[in-house]
Amino acid sequence: MFNAFLQIVRKELLGAFRQQSDILNPIWFFVIVVTLFPLGIGTDPALLARIAPGIIWVAALLAALLSFERLFKDDFIDGSLEQMMLAPQPLTWLVSAKVFAHWLLTGLPILLVSPLLAVFLSLQENTFWALFLTLLIGTPILSLLGSIGVALTIGLRKGGVLLSLIMLPLSIPILIFSTMAIDAATFGQSYIGLLALLGAMLVAAMTLAPFAIAASLRVSVS
Amino acid sequence: MWKWLHPYAKAEKSYTLSGKLMPWFLAVALPTFIVGMIWGLAFAPADYQQGDSFRIIYIHVPAAMMAMGAYSTMAIAAFIGLVWQIRLAEMTVAATAPIGAVYTFIALFTGAAWGKPMWGAWWVWDARLTSELILLFVYLGIIALYNAFSDKVLAGRAASILTLVGVINLPIIHFSVVWWNTLHQGATITKFDQPSMATDMLIPLLIMIVSFAAFLGFMVLYRFRNEILQRESHRPWVIALVQQSSSSVNKRG
Amino acid sequence: MFQCKNLTCVREERVLFNNLNFTLAPGEILQVEGPNGVGKTSLFRLLVGLSTPYSGEVHWQQQNIMLDRDSYYQNMLYLGHKSGVKPELTALENLHYFHHLFNPKVKFDAWEILTLVGLAGYENVPTAQLSAGQQRRVALARMWFSDCPLWILDEPFTAIDKNGVQVIEKLLIKHAEKGGMVILTTHQDLLLPPQLYKKLTLQKPAAGEQYV
């Protein structure tokens, strides 16, 4: 069973490295969106540092949305999704592998470019670490929640906008807790409690979301 | 009990039963609405701080409660529909969602209107209003998802899954929003042991809540019946029903 | 044994077929035929458990497939309209993936199988660069190393040349002789001797039963 998990992750990574624009474009989009804010509201470092957490998290949300399309869509079109649903392994387990691979390809790169954005937005060092930790815990939750939305809308012709309508309201708690943690760090307060809350949400999402994803796929791919 | 309930998993039986129940709900909803409205607007004492503007509570609070009530109905129906594969339960989800959305909108609108004299602005990012707004987004998402599927059986199932995802998420959203901002006055009505509201203000509010709940029941049954008719429009019993009603219209005409 | 009990398929309130019954014993090949739009693909998706029947059940070894998917899927190979082959990956990588996900216990030589299906020399080319027929062959190659007794093949011969069709038909006969079962649709006539396979003709529902 673990082998099946690894095989799916391996296949996803291989496919992604052959089609690099799929991984790079959302990251690129993420950086551009963040760059637009200083251009739009001015370059006062104090102001930028104040609104940076919100900007980065909203941009991360939007970038994640862009990348969800490729999570199941290609597989749906070429038929490998239905084959995966017919594999003699629990579907919840296989979709977990898909989501994990998706996070490796979209969440992880966002983490990697976050130092660059910290420089752009004049973040202090401890604020940056709070940002980094919230992204580390928060982006997997985004991947899991988004996968539910993708799984529900995959069979629809115009699923893209619908996906954002479904998914964005559900991701509000992550946005709130993450930016609260970063704010706390800015004011030199402890934010470990908020991280623990995010961690609890991650654990809950990891246990429950695969069932919702699997059930949604059984509805959409029929 | 299962044996007794099972026939109602058939569309025609539920159609007849809900038709019989509907007038009862209306019989509760209408008088309570009139009594509650008049009592609340004309006879209940004015608030010593907010004056008469507090009276919007008689719409706002019942609407907000029933916005959640409608969601609970959907959640239970969605669970039953998915676990026991009962299509009628999934229809209930689809039938209830727009009503819940309208209640949520009323709660939001009256909340904003109440905010104007209270805070001096139409919109304040206060915790209750914000989570009400997010609840509206969730409702709209469910309705949009349901409408996007052309096969209504699949649509019902997809909407049910999304409803259940929302059930787990809504408390978290509410909790996060409350923590994020607590500007609103504390809960007024749930503290029954030591009510912060005067009894003669509270009674008309309770009457209004009963009225809104009964009206919710009435509307759900009404839309549920329509949903059944639409889905089963080719079934013989529906065709017979249509012919019967159109011939009675002809006789009257 | 594979059984289909009172299967009714409804799509968007329209009945495609109703009360379909058939049984398939080991060693049998069943060809499902019928004009376009009669619901062959919908039937196959019910048989493999991708969609839920409006009413009726599909049984594998006396067990409803919806209740025990894992053991059914260990015994069933489905090749659909969509091949399930990843275009970015090479033929070898695709086979490797299918092998590990579906039949991890079977030992086989991927190079040899690719030669058998006529893809020698294309093993390391991304399948997106292959022709339609060759891509189809990558998907069909799964039949050569599958240990599943039940094969459900929806239009397996699409884009395959005459020579290829013959090779596949021989494989089907061999599979049936070993006690396997095959359900397939095809628009071409099978070249098999008629005593080797059964036919099932799907029919549109009678005028009064077109809607649920």
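A, B and C are the chain letters, set down in written order, and residue numbers restart from 1 in every chain.
In this section, contacts are C-beta pairs under 8 Å (C-beta built on N, C-alpha and C of every residue); 3 or more make two chains touch, one makes a residue touch a chain.
No experiment lies behind these values; they were computed from the predicted model shown.
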(request) Could you draw the chains as nodes, link the ones that touch, and say if you get a line, ring, star, complete or other? (result) complete
(request) Check B-C against A-C and say which one is joined by more contacting C-beta pairs. (result) A-C
(request) Find the geometric centre of each of chain A and chain B from their Cα atoms only, then give the gap between the two centres in Å, rounded to an integer. (result) 33
(request) State, to the nearest whole Å, the distance from the C-alpha centre of chain B to the C-alpha centre of chain C. (result) 47
(message) Counting only Cα atoms for the centres, state how far chain A is from chain C in Å.
(response) 36
(message) Where in chain A do residues touch at least two different other chains?
(response) 222
(request) List, in ascending order, every residue of chain C touching at least 2 other chains. (result) 52
(request) Over in the complex, which chain A residues touch chain B? Could you list them? (result) 148, 152-153, 155-156, 158-159, 162, 165-166, 168-170, 172-173, 176-177, 180, 201, 204, 208, 212, 215-216, 219-220, 222
(request) Within their complex, state which residues of chain B touch chain C. (result) 85, 150-153, 231-235
(request) Provide the residue numbers of chain C that touch chain A in the complex, in ascending order. (result) 45, 48-52, 70-71, 73-74, 76, 78, 80-89, 93, 97-98, 100-102, 104, 126
(message) Which stretch or stretches of chain A touch chain C in the complex?
(response) 3-4, 7-8, 10-11, 14-15, 18-19, 77-80, 82-90, 218, 221-222
(request) Can you check the complex and tell me which residues of chain C touch chain B? (result) 10-13, 52, 54, 210-212
